[in-house]
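Just below is one structure, and these are the notes that go with it.
So that you can tell them apart, the chains are marked A, B, C, D, E and F in the order they are listed, and the count of residues begins at 1 in each.
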Amino acid sequence: MRRDPDPDRRVDRGGMVEITEKPSVGRRAVASGLIRLEESTVEAIKNGEVEKGDVLTVARVAAIQAVKETPRQIPMCHPIPITGVEVAFELLPDRIRATVAVTSVGKTGVEMEALSGVSAALLNVWDMVKSREKDETGNYPTTMVDEIRVVEKRKGKAGESFCPGSSSSSNGDPNGGHRRANDGSSRR
Amino acid sequence: MRRDPDPDRRVDRGGMVEITEKPSVGRRAVASGLIRLEESTVEAIKNGEVEKGDVLTVARVAAIQAVKETPRQIPMCHPIPITGVEVAFELLPDRIRATVAVTSVGKTGVEMEALSGVSAALLNVWDMVKSREKDETGNYPTTMVDEIRVVEKRKGKAGESFCPGSSSSSNGDPNGGHRRANDGSSRR
Amino acid sequence: MRRDPDPDRRVDRGGMVEITEKPSVGRRAVASGLIRLEESTVEAIKNGEVEKGDVLTVARVAAIQAVKETPRQIPMCHPIPITGVEVAFELLPDRIRATVAVTSVGKTGVEMEALSGVSAALLNVWDMVKSREKDETGNYPTTMVDEIRVVEKRKGKAGESFCPGSSSSSNGDPNGGHRRANDGSSRR
Amino acid sequence: MRRDPDPDRRVDRGGMVEITEKPSVGRRAVASGLIRLEESTVEAIKNGEVEKGDVLTVARVAAIQAVKETPRQIPMCHPIPITGVEVAFELLPDRIRATVAVTSVGKTGVEMEALSGVSAALLNVWDMVKSREKDETGNYPTTMVDEIRVVEKRKGKAGESFCPGSSSSSNGDPNGGHRRANDGSSRR
Amino acid sequence: MRRDPDPDRRVDRGGMVEITEKPSVGRRAVASGLIRLEESTVEAIKNGEVEKGDVLTVARVAAIQAVKETPRQIPMCHPIPITGVEVAFELLPDRIRATVAVTSVGKTGVEMEALSGVSAALLNVWDMVKSREKDETGNYPTTMVDEIRVVEKRKGKAGESFCPGSSSSSNGDPNGGHRRANDGSSRR
Amino acid sequence: MRRDPDPDRRVDRGGMVEITEKPSVGRRAVASGLIRLEESTVEAIKNGEVEKGDVLTVARVAAIQAVKETPRQIPMCHPIPITGVEVAFELLPDRIRATVAVTSVGKTGVEMEALSGVSAALLNVWDMVKSREKDETGNYPTTMVDEIRVVEKRKGKAGESFCPGSSSSSNGDPNGGHRRANDGSSRR
C-alpha cells in the first residue's frame, strides 16, 4: 500500500466490538415497557372495536420483526441468530404493558433485541389507535410510551449451548424479571 | 374469477388506510423522550470518554435512519417522502432527552416517524453505554427509556405545499412543543 | 472522461424503464390467489385454533409489508408512493383465497405490488399452519399456492389525481374484477 | 416490576417458535412453481428478445435475494444461515417452471425459503414481460402463477452437519422431488 | 414538557438537510467508475465463461437495487422517487467501466444514487469473478475499483417537471459527461 | 410433479455457490480505498467545520451498516455472522483513506464485506461534503473515489474457530496489509 509520509495525517478509529473469540452460548433477555392510553381506548382494544384491526396481533408481529431488525436499527449491534421471541401484553385500565422475551445461541447478549421489540410493540399500539387518542387539535394529550427497561438477562455457561431458564421463568410471570443474570461478564 | 358457491365461506378484511384522495400538504411533527442513566455515564458522554465512540452522533444517525424506516417498522404506516429530520439532545445530570423533528410534504402526518426516531435515538444511546450501565450481574438497575411523546404536530392548508413553522418553532425550544396542530382533522 | 480507443471494446446496456415524463395519476390494481389446504386446517383457522396465532391477521400484515417492499423484491420495479392497501380472505372448505387491492398516485401501475401482496399473504398462511399440513415424513401432500392473477387494473386520466373506483368496486366483490382497465396504454 | 393488581388484566401471548435447543443439522428443501404465459412470450424469452433484458437471469437474482429475505417477508420465520441456493428454469411452450433448492445448516427447515424464492422468480418473470402479456385494456388474460409447492425436504441427523443429498438429488431432475424427508420430525 | 432548570445542560443538534420548500423538478445524474481485472477475466466475461453466471446482468440488477437503496446506505440522503436507471458497461482489455444514469423528479439531486449504483455494479463484478482473480494465496494482486466520479448532473427549472436531456445525452456517449449542470444551485 | 414431455424444453441454471460442507473457521479481511478532495475540505473535516456534522463518525456508522448489508447489496454473497468491524481513516492533505477490517467465524471469506464497508465509508464522506466540493455549475471537478482494494485476507485452520491475527496485525498499520492469506484455498 502506497503510504503517504505526511506527518500531519490523523488516524481515526472505532467500530463494532470484536467478539470473534467469545463462545457461543444460550442467551435470554426480557424487556418490558408500557403505553399510557385513554381508558376508552383500552376498552376498545379489549373488545375488538378498533377500526384498523386487531391491535395486539399487529403489535406482536411488528415486535417480532423489530427483534430481527435490531442490527439494522442499532448500528453497533452484531447480527445474532435469534432462536425464539415471545411477546405478551397486559391490559390495565389506562395502559398496556408489553413484554418481549428473546432467546439466541450466540456470542453476545440479546437485551437490545428485546428492547427493540418492546419499543416496536408499543409504537404499533399507538399507530393502531391514533384516531381514538387524538384531541380536537390533532395532538395526543394522554398517549405516552414509558418505562422501557430490561427485566431479565441470562446466559448459559461456555460449552453449554442451551438457554437457561427459557421455560421455568417465562415472561408470563414478570415478577421473575428481577432475577439477575448468572454471570457478571455478560457483555455484548 | 371462479366463485365458489359455498354458503359457509367467510370473508375477512382490513388493511392500510386509504389516503389516495387526501391532498399533499406540508407536515411537521416533533417527538421527544428520555433515557435515565448513571450520572457518571452522562459525564462520560459529555467528555467524549465512551469507549464505543461518539454516542450522540451515532444516536443521531440511527434516529435519522429510523425515521426513514418507519413504514417498515410500523406495518400500517404509509411510505412518506421525508424532507427533513432534525435531532437534538439535552444532557441533564441523570438523563438525556432526545427530540426529533420531521418534515414532509404528503398525504398523512409524520408523528409516527418522529416517535420512531426518538425511540431509535434513545436505544442507541443505551447500546453505546451498556458496559457503563450494567451492574456486576450484567443487569441495568438504572437505565430506562421514558416519556416518549408527541410534542408538536402541524400541517399546511390544502393547496399550500409549504411546511408551517418549520423554522420559527425549532425543536431547540421545546417549550414551543405544546402548541397545538392547527387543524383538528390531521389524521394519518 | 478518459476514453480508451480500443476497437474491441463492447458496450452492454439496460436498466429500469424511464418514466420521468409520465404523468402522476391515480392507480388501482387488484390481485388474487389461493392456497389449497386440508379441510381440518381451514376449520382450525376459522375457529382460531392454530397454535402460532391469528393466521389471517399475520398474513394481512405480511401482505401489506410485501406491497411496500415490491421494488426491493422485483428489481425493475420503480419505488411507488402507495396510498392504500386492502386485504381480504375468503375461507372455502379446502382453500383460502386472498385478494389484495393497492392504490397509488404515481407514474406507473401497481399490479406487481398487488401480486406481491397476494403471494406474501398466501405464503404466510402456509407458514402459520405448517405443522397441520405436514405428513409423517415432513412433506406437504396437499398444500399448494395457486391461481395468482391480476383481477382488476385501473388508472385515472392525466391531469386527474384521484383513484378511479376505489370505493365503488371494492375487492369484496371480486366479480367486479374482470372489468378492464380504461386505458390500453397502462404500462408500468 | 411494579405490578398492577387489577383483576381485569388480560394477558395476550404468542410469538416466534422457540428452537434454541434444537440441534443444528444440514437442511435442504426444494420448491417449484410455474407461470402461464403467451406462447409468443416464451419464444421471446428463449430468443433473448425481451426489451427489459435477460429475463431468467434477473429472475434468478431476485429469487436468491428473496430466499435470503424470507425472515423479513414471513414474520414468524427464524433467521437462517443459508449455505446454498440453486435456481433452475424449464421453458415449456406456454409456461415456465421455476425450481429453487435451498440448503442450510440450522435448527429449522428451509421450505419457506425455497417457496419464497420460487414466488419471487415467477413474479419477476411476469414483471419482465408485462408489455407482452397485456391485452389492449392493460390487463393480463393469460398470465397466472400456479402450482407453487414443496417438492423435496430433507435433513441430516443430529450430530451430523452435512446436508444430505445435496449433490445426488439435484433439482435438475425434478422427478426426484417426490422423495420424502427422511425424518418425520422435520418441523420448522 | 417538564424542563429541567439545570444550568449545565448541553444541547447537541444536527440532522438531515431540510428541503421541504424546494421545488420538485426533473433531475438527472450520471456517474462512472472502473474495475481493473486480469485480461483473461475480461475475456471470460465477454465469452460468457464465468462459472457463477452472467456477470454483467447480475451487476446491472445489483446496481439498480443499490440506486434505490441509497437513502439506507447514505444516512443523510433523502428518500427520492427514482424514475429511471440506465446501466452500461464498456469492456476494455484489462478493465470494465460501469456507467449509471439516474433520473428523478424531486427536491434534491441524484448524484449519490448514481455513485451508489456504480459502486455496487463494480463490487458485483468483483464478486462474480473472485475465483479467477485470486492468486495462490487467496489474495487479489490485480483487482481494484477505481475512478468513481460524477460525469454529468442536470436539473430542470422550477415549475417544469421534465427531466432535461434524458434522451439526447445518453450515457452511451460518455464524452457528453463533462457538460456542466445548468444551475449552480443544484444542491442536494 | 407433472412433467411435460416437450422435447424443446430448456433448462437454465445457476445460483449461489454451495458451501454447506465447508468448515466454519475464523476469517478476517481488510480492504481500503480513498477519496480525493479539495485540500480545504480535508482541513474543514479535520477542524470539525463541516455543516452537516461529524463526517468521519457518520462515515464509520455507514461503513459498519454496509458490512452487515453485504448479502443484500451483492446477490451472490452468503449471509455471514459478522463478529467485528473496525474502521480507520487517514487524513492526507488532498484525500482521505478509509480502511475497514472485518472478522467472522464462517464458511466463506469476508473480503466482499470489507470492500462494501470501504465503499460506503467513502461515499458517505462525499455526501457529507458535497456543498464544499461542488463548483459553480454543481459538478465535482476534484472529487473521486479511488483505489478500493483488498489489503489483507486470512483464515484459521479447519477445526479452529479463532480468528488469526485479529490483534497483532491491526489495520492501523496498513503496511501489514500485503501479507498473504495463509491458505490458497480461501474461496468464498
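Assume contacts are C-beta pairs under 8 Å (C-beta built on N, C-alpha and C of every residue); 3 or more make two chains touch, one makes a residue touch a chain.
Per UniProt, the chains are A, B, C, D, E, F = Probable cyclic pyranopterin monophosphate synthase.
Source: prediction; values computed, not measured.
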{"item": "Relative to chain D, chain with the most remote C-alpha centre", "value": "B"}
{"item": "B-E compared against A-B, more contacting pairs", "value": "A-B"}
{"item": "For chain B paired with chain C, centre-to-centre distance based on mean C-alpha positions, whole Å", "value": "29"}
{"item": "Whole-Å gap separating chain D and chain E, where each centre is the average of the chain's CA atoms", "value": "30"}
{"item": "Residues of chain B touching at least two other chains", "value": "14, 17, 53, 57-58, 60-62, 65, 69, 72, 75-76, 79, 81"}
{"item": "Chain-level touch network, classified as line, ring, star, complete or other", "value": "other"}
{"item": "Residue ranges of chain C touching chain B (in the complex, touch as defined)", "value": "26, 32, 46, 56-57, 60-61, 64-65, 68-69, 79, 81-93, 101, 103-105, 151, 162-163, 166, 172, 174-175, 177-178"}
{"item": "In the complex with chain E, residue positions of chain D that touch it", "value": "53-54, 57-58, 60-62"}
{"item": "Chain C to chain D touching residues, read off their complex", "value": "14, 17, 33, 52-54, 58, 61-62, 65-66, 69, 72-77, 109, 111-112, 115-116, 119-120, 123-124, 126-128, 130-131, 134-140, 143-150, 152-153, 155, 180-188"}
{"item": "Contact footprint of chain F on chain A as seen in their complex", "value": "1, 3-4, 6, 8-21, 71-72, 75-76, 78-79, 81, 107"}
